[in-house]
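First chain written, first letter: the chains are A, B, C and D, and each begins at residue 1.
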């Protein structure tokens, strides 16, 4: 359980440091027969690539993915898919400043505590750059889900305290603005605010929302591997996430049973819910309605203001982190959240195929093989 | 991954339905040499036992635990500890009402979708009664943690919208009131409100907070098995939990880097943090300061008001759930949250013992064995 | 990985000591909708029950199994099946002799080394009695396999050096003799030999063979979770097993490629093999022909002859193990091997359901759910 | 459980096909602070490299390993170590012959059955070339074990029916002959025989033996994760292995309790065994004496003689496999067996660090951290 492998049947293993030679992921348990090319994966990676707007780090990486194994003649073979992304920009930086001290809000101190020392180049393995492997795997999982008719929509719901207005919700707008908000007006206010915060050498956080539609009822395992529990782990494992909620989430804590319960009703011969406070999950199992999950992202810890800290020699020092950093990581984290959700859901969909003996018998009938 | 086993080195497997013969847990990977008796476990179980106040179900269960294996002459032997709790009250109820329909806010529909049918007696495996096994395991984990000097404090932070006032915080008060709040005044207001909601046949939710002190720095595995990610899964896997946050959690999303970052400072020769917005975890690894986690609990779904639903035959019906149910489950869930936190932390503490080669060499030196 | 949980999707957790209150197993991941009663399981347990012939220990246990959870109205519900077997005879013995010394061929010394002390009553968790839980789980797995048309045949192939003659092979004979041999003549010779060895206060070993027919081609995962690798672990984990082989096994090491390769041939429109030296597995994946596995069982270590050993105080002593022990454990181990094979195969059959994307799409089509 | 990840704490994930771009392994859970360079790993890879003698395939690969992540300034950091080996020779072959038919003794048919099609270039993932990743990981595990004073010795014990003579045993001889036998005379006979078999277009098999010395007593987890069970899986997962035995193995099945039991005795104040029929493992746990494991390797299935088979269209055909193949894979498999043993033992050594509470308390004492 060293921590870099995730999933049970659809299993991913990521590796690589921010300023090492390369980063990558091995996807094991991907079914055979899926058309898969590097461009399928590149689309996802481009959504988290640095340097796409003035609000993201200007590090020069094109994040080109290469498939090293697991496909043949354009199709997945069922064997491990090894994906690699070379770091172009890994020689350029000067790390002398951070090599010797503990940046506030970063994992420098905790890595030193755990391992005795650390790869201090750009945060090493604790860098946000680690998520490239997750996103590459997420692209493959998302392809599987789309072949099953499942659709995931993810976007910035709130940045620096500015929320989207649900009445303005426009799915097509998400990729039209650099903050990935489905509300043009809110995005405009956010952009203005980000400029101010950049001038102040400060940073902001926000909330990402993810909606998954067309998930069959019955996904998620009771007790410990509930769908919501697995999603919570998946999303909380992303570096800057400090909170996760499902459906009404924390608001449900202040609600009443009479309000929070979703009634059931037959509509055109189909069972539906009259509301969706539960966010599509009951008892840890999908109920067939839209699954809703939100993640709270903390403000980027790398800020250029003077901060108080301690060096490895145990002396109090002041630190001014140089270089340009993202004043907000929410937009780039959108595809990371989506990827972790996709990987988790794929794994649980596969797991759910053995819940009924009747269907197992049917699956293995000689005439069906 | 059928979902009833949790943990990697310290591993628990729970079983049992609300109205079956018994419930239990098997704890595997518990170290040898711990003094353990049934009374150690009973203390924890008594904290979630029904019938302790007028705000909890009046089901008559004394939840007496029995150790079936894994101890010898009062000490753990290193082999699986099997714990059983017999259901006394499992013959008494009349389930005809719920056998055939889907209660709003419950897992009746999702279990039927997943498995084709369900054990409808009191919710079967999706009942809150399932948590008895978790709590029994949590008692053992907590004993281990206390032997390592680690202390976990858990309580109701908010019920029905009424928050504790941090200025009134009194640890000793927690077990003095039936709602497990560390603030006598807030508890009084909550009790009054609960009486009103019971009269209205309604229910409320709330927030549980858990603080863990004296955890060594270095616990948690980078990337997917981060301490916060594992805690999020552990806590979200509890039936009624709809949200989890660490440190400032969702509030961090509206904060700034300059405010949210915790500085480091030397105090009496020890590295400390000047604040704890992060809740004791940086990069998914404990930093030695207090770990803070909160869980949002939805209002009890079982309410006696008329609700709209559907039966198994696909007909719209009205339902009035009979019997007395907890108008609030937050107080009884306090020990469940604490137990899941304890099990998770124990497992990750054990995992962290192999992070440095130097210490492994020292451990296995012939003179140290 | 504390060692008492086995399997990934179909997962079993056993617990209990030889002379504790009870033993048991929790089966998680068993599909819903299987008719299951205690008698289904009792049939398997009776095959390993002590006291069935003069060649087995006379310990008085009826090994009556009780289902504590996971079934409802006679059917499995998909939730954990908890099975318990109470130890009747656990108060009777006098352990003073073995409490303080290390019996040759037993795990007394290794348990003390690992855990610092041990439950010395009848071997505690290292007793052959531990296999009762495996067999109870094996009964459930076997029921699943038989619903899929898969048949497992297991028997004693060799005891005390006496082999069955393949020309005399008679399936029906297996349960007609107390040594579970499919060859009446060989069984007679073995019985005579056992009487002699009992008179000499000695014990013998033997070889168990297991043949599995009608397994679909395609079961087993490449590289580490090959079908043969998983079977090897499953069978080697049984206490007295010292060797495992598949197909021709060790004989293949002295064979030639031209002899050992099995040709392929079309027979009545079906692909078949012209021989089966491989034992039904190629590249770790079932090929549709009969799977053949053999286990070497060491002689019972408990013998009444004087043996040289050491006590816990580090003194050389002589030991004479009192009481009547099985002079041969092969016959009772037959059902244990069969159970471990059944559990392993069930788990890998479930795993193999996600190897082709085409079949996953078909499985989740709305009209098929 | 897709099969390419192995281990629990020290966890390896291999990927890559015989004629893809590259092969590799990700090692997760490797402790921090180990001096590790590519040359440490290259030594192991060179032991299995093709083209080293006239008895191995003449494929032109130098199997140069590159470390992509997980080390910094020459030391392991505790994060995943990604190792890659590029395939030089992957464009050269003509696969038209095997693309369409099922080679006897190979996994062509079973891969097609499982996945619907296969990467037929040189066997794809089922090629022996897959073991390069295992060996790279084994080099790292072996380095850890040697830092703990543990020594593994592996060699060919028998090839083509020719056994080493224990009286001639000479450890230094192993790498002096191309068949890795510790007996010069036997190696000479084997070489002569191999020339004859090559002339006959035939192949032979053999037995590999592995002896591990200085393993602390107490390694291995009771019941399912016994040391011998885990070793059996590890070794049986290697492509051509058909049997595994521990200590006396199959010979024990024909022995008697009085002969097979190893007595205990005090020697110079230390507990020792008077013999080692058990092969260093009792009840699945190491007893401190030498661990002995043997693997039966089948004859190379690729032979140039005409063989009977079937093509994908279901027609009976004759096949003559072209190209030069190893007439014996035993010598090259020696380091593969050693690697799998090293990985398994490392993982179980780490696991065993939590068996006694007393030592855990000691480990986590503030003064010891």
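As a convention for this text, a contact is a pair of C-beta atoms (placed from the backbone, for glycine too) under 8 Å apart; a residue touches a chain by one contact, two chains touch by 3 or more.
Quick caveat, the model's predicted, so the values are computed rather than measured.
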Would you say A-B or B-D is joined by more C-beta pairs in contact? A-B
Using C-alpha centres only, name the chain that sits farthest from chain C. A
Can you give the whole-Å distance between the Cα centres of chain A and chain D? 38
Any idea how many Å lie between the Cα centroids of chain B and chain D? 44
Distance-wise, how many Å sit between the C-alpha centres of chain A and chain B, to the nearest whole number? 26
By residue number and range, which residues of chain A touch two or more other chains? 1-5, 8-10, 14, 29, 32-33, 78-79, 114-116, 125, 216, 218, 222, 351, 355-356, 358
Chain B contacts chain D in the complex at 8-10, 29, 31-34, 76, 78-79, 144, 147-148, 216, 218, 222, 349-351, 353-361, 363-364, 366, 369
For a test of understanding, state which residues of chain A touch chain B in their complex under the given definition. 1-6, 8-9, 14, 102, 104-107, 109-111, 113-116, 125-126, 130, 158, 160-161, 197, 202-207, 216-226, 228-237, 239, 241-250, 252-266, 269, 271, 274, 278-279, 281-288, 296-303, 305, 307-310, 314-316, 351-352, 355-356, 358
Residues of chain C touching chain B in their complex? 1-5, 8-11, 13-17, 20-24, 26, 28-30, 32-33, 66, 68-70, 72, 75, 77-82, 84, 114-119, 121, 124-125
